[in-house]
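Take a look at the structures below.
Paired with chain B in one complex and with chain C in the other, chain A is shared by the two complexes that follow.
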Partner chain A sequence: MIQTSSLPTPGQAIELAAVTKQWGETVALKQIDLTVAPGTFTVLLGPSGCGKSTTLRIIAGLESASSGTVSIADRDVTLLPPSERDLAMVFQSYALFPHLSVAENILFGLKVRRTPKKQQRERLLHTADVLGLSPYLSRKPSQLSGGQQQRVALGRAIIAEKPICLMDEPLSNLDAKLRNSMRMEIRELQQTLGFSMVYVTHDQAEAITMADQVVLMQEGEIAQAGTPREIYQTPATIFVAGFIGTPPMNLIKAADVLQATAPGKGMEFLRGMHDSAANLSQSTSELLIGIRPEHIGTQQQASISAKILGMEYLGSDLLVTCRIGESILLARMPGNTEIAANETLPLVWAEENTAWFDSNSGARIRLD
Partner chain B sequence: MAKREWIYGWLFLSPALIFLFTFTHYPAVNTIISSFFSTPKGRRPAKFIGPENYQALIEDEVFWTVLENNFWFAVGTIPTSILLALAMALWVNSQLKGRTLARMAYFAPTVLPLIAVANIWLFFYTPGFGLIDQLRGGLFNLPASNLLGNPDTVLAAMIVVAIWKEAGFFMIFYLAALQSIPPVLKEAADVEGASNFYYLRRIVIPLLMPTTLFISVNAVINSFRLVDHIFVMTDGGPNNASSLLLFYIYETAFQYWQTGYAATLTVVMLILLSILAIGQFFLFDRKIHYR
Partner chain C sequence: MTETTVNTVNKKNLGRRFEFKFDFDTVLNTFAMWLLAFLWALPLLYAIWTAFHPAAYETRFELFAPLTLDNFVKAWNAAPFARYFLNTFLLVTLILTSQFVLCTLAAFAFARFKFPGRNILFTLVLLQLLVMPDILIVENYKTIRQLGLVDTIVAIGLPYIASGFGIFLLRQTFMTVPSELDDAARVEGVSFLGLLLKVYVPLAKPTYLAYGLVSVSHHWNNFLWPLIITNSVETRPVTVGLSVFAAIDAGVEWSVINAATLMTSGPLLIAFLLFQRQFVQSFMRAGIR
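And now, the complex of A and B:
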């Protein structure tokens, strides 16, 4: 959809070392260490108030770190203003200048830096072409739809071909359909132009689909950083397990599961895993089993019996809420599965999909 | 049902309508009519005299002096008070210690009754022992001055009082407008490397244009309307050097009791103000972006 002929801008690396941010008594960020490789797409993900926007604003220089250092391309920029960090930013509210036309908005940065008129003109036409804004250049932002305003904000960010682009929830004001297509366009734009991207969102679908690196944050700390696959397949803590996935991973008491397991019907591995996990955790706290809803199946001969509490038919899928002991869990089965309500459901899942967590520390117990 | 809605509509409109008609429209029309009549006296009622009052006006030297005074008064107060208001608003809108106090201090002249404050200014200007002469004598050893008694300086002295009164009032409007500009625009400009001055010139001032229009229309009206301090401080003197149009109208109507001629003067003032206000709307209209 997006074609551009210009040479890719070499992206630059960003590094945060032990960055802390405090406002009086309130601690927003606690010792954040973060590396963004040149030319990659990093998404800062987390619930509201987790510090992701603050982190982005510290990278931008709109907020200063209370302690720690920020480096861009191995240059310490901790004390530099935003304009000297050679980056572009897209704001959640787009921050378009309401009295300027689309063209003037996109050209704002080039005009500030007194780029030659001819070059301004060329770049404007090119950028407008890339973003499909050519027919609207003389309009005011208020005469555009939300999606078009969003593109103008993108245009202002990419026209100067800065090595770094920061985005603060740029899609949150768009409707779901537009959000999906913009997501792909932004990713494509980043790949073609080759800049380093730091992107803040609370929407995990955005994070999973766009990112090279997902950084999941929780209460001012990084809960886990890794590729979307790593984050999804091997969540490092209970928080990550419970945040990623729709619906997220089931976290159920190991004791309940063991109690409901009849011997000799395919789930014997649980007891062995439980013993090794208990050894490794070396604490008396309770163990939790993490299992993704889509990894739970049903079989006549399966050994864990669960009581069905409710069912939700979604067409392609069937979401079954059931109870094992005191724990409630959600299973996602194929839509054509026939289950009678009020039935006891025999459940089964594979050994490699079973994760173990320490309920006290919240950490994952790695058995391998 | 439709009929009842009609009644409700007029009922809701009536309070404003009654007051507007009683105190604005009826007097205005009546003034225009009166300007073509002679002044009624005890024994002979007002009689129609056609444009005679207007002929008298053209030949009235005091009228032309007063009009000229008013022109210089407007030129002296309007741009300065608007610029000062903008500067003060920008200042008290910034991160500043005790900015609530600063805002209050700037707004105080608006709250204080001008009649009372004029007395304080009168003391500042008093020859010999007033504040200004104390400073002049004490610091520079200059002789005593009579700013209010000299036809060359009295209008300037009045202009200073008016600016002092007006700037704080206009500042509040600018302050409100500044606070409606989202701070994220400043951040976006910062990321692009725009200096504070560039941001002010290209973003803030254009976004303040609707407020500037509102303020400038008000400033023009006030430059004709604001005469309280003239009553207290100079009474239009010396030799009409500080008399303004509205003050002259008051004198004509309520001291000389020439109500017919006063009505004529009022009509001239209304026409002047209308032309100026309409002119301003046309002048500004193309440059204004309304959100």
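And now, the complex of A and C:
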């Protein structure tokens, strides 16, 4: 799809240390610590208003941090303007200059920096070629489709071959199919050119598929940062567990599980799932068990019985909504599982697939 | 503006009701409009009539009266109109360029910089819109005399260069420029001046055109202040020149005066006809009705 012959740009490391941002009373970021390794793809993920854009704009220098430091390649850039941070940025609305042609838009930065004309031309032709924009160079942005405009914005970011590229929801205005293909193109571009990428999105599919590092944010704080695998398999808080995955992880009250098991067998059952008796000796009402829908199965001899509330047949999968005490949970079973509606369903899950959370603090309870 | 809307509404009504009903309201409206338009255009029509016919037809209307350009030739030779035109041209150019430079810089500051006292300063600029320039004629004369500029072209333009209207209009336009464009340019390392010239000014082109036409026509037609501050052929703009010419001796024929009048307002009329569509559009876009 994308072939480039240009030399890889060595990416640079980005580091935020205790960055706080507030506007009057509004606190947008609380003591953010973030490290982006050189040449890696970091995705900032989170619900609306959690401070993703603010973080990105602070890295770019478009916003100043209220406190804390920003460093790029071990250089403190906290007080430097965007132009001296040596980075490129793609905006959600693309921010193309409507009065300039595609070529002029792509060349904007090179012209500002007075790059020699010959080099400008060469790079323009190369970039346009890479992005499939060659036929449109003389058009105005308003004469392009959304996907083409998006490529122009990408072109403007990559032509300068900066060591860092920042993107704020660059795909959110595209339709699902185009979004999928652009996702792959962007990832490929980043890997071939080798720059460091910080990418903002609220779409977890985008985050999981593209990222080397996912940074999940919640109300101005980093809830968890890690590889997509870590975030999915070992969520650090209730928030992460409930955000990642479609459908997300089930969170079941331990007390409900106790009641749903045969009398007297509850404690034993819970202990069977993990043997940290110390944790269990505290009140079970403060414990939540996290289990992914695909890890729940059914078996005749299972000790927990759940009431079936509904079923959704998806062909390959069967989604069962059921209830244990007050907790509602979703189970994803193979499509060929035969279950009669209105039946009580005996459930099983493997011990190693469970996560335990303290429902007061929201934190995960480490079991080792 | 209101006239055209009334007009279109009535046309729609006509189209709908034409078959069944004689619409009294529409007829009255249309009639009143034609009457007003005719009354408004009458002096111009009269000027055109007399200017292109021999003096004998000044007060007589005859459809096939002989056409002539003699009046224009006479008028052109009777007074230094070439010089007057040059003066007006210099004046208008001077005012327009200075206004563009000053208003652009001021409007940019008001639109995109946060500085203490910004709102108070902007209110002061807006207050300027409320003050009739004619009230200040005496004060302005004193100032110009102190500057030693009496009877120069610069003196005619100077009081108008810092235009509150221009600053207001451009500020409003600049504020509509999406902040992401601003951000994108800043990431690329554009200086503030570059940002203004490469992003804001090109995007505000329609406003510049509309404002330019208003400014040019206003200063082309301005009479009282130039009359007071100038007293020689070398500085007089056409408006003053025309009045001097029409007043020297009562013997000048109406047809010649009208030819001169047409001559002096001609460039403006042509410019308006050429730009009228963009002109109206930019004013609609600039949010002024």
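Heads up, the rule we're going with is that the second predicted complex is superposed on the first by the 348 of 368 C-alpha atoms of A that agree within 3 Å, B and C clash if a C-alpha of one lies under 4 Å from a C-alpha of the other, contacts with A are read in each partner's own complex, and residues count from 1 in each chain.
Here is the rule we go by: contacts are C-beta pairs under 8 Å (C-beta built on N, C-alpha and C of every residue); 3 or more make two chains touch, one makes a residue touch a chain.
No experiment lies behind these values; they were computed from the predicted model shown.
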item: Superposition on chain A - do chain B and chain C clash or fit; value: clash
item: Which of chain B and chain C A:G109 touches, first, second, both or neither; value: both
item: Touched partner set for A:M89, first chain B, second chain C, both or neither; value: both
item: First, second, both or neither for A:L62, with chain B first and chain C second; value: both
item: Touching partner for A:S142 - first (chain B), second (chain C), both, neither; value: first
item: Residues on chain A lying within both footprints (that of chain B and that of chain C); value: 60, 62, 81-83, 87-89, 91, 93, 95, 97-99, 108-109, 112-113, 156
item: Contact footprint of chain C on chain A as seen in their complex; value: 57, 60, 62, 81-84, 87-89, 91-93, 95, 97-99, 108-109, 112-113, 156
item: Chain B partner contacts - residues on chain A that touch it in the complex; value: 60, 62, 81-83, 87-89, 91, 93, 95, 97-99, 108-109, 112-113, 140, 142, 156
item: Sites on chain B touched by chain A in the complex; value: 182, 184-185, 187-194, 198, 202-203, 206-207, 289, 291
item: Residues of chain C defined as touching chain A within the complex; value: 178, 180-181, 183-190, 194, 198-199, 202-203, 205
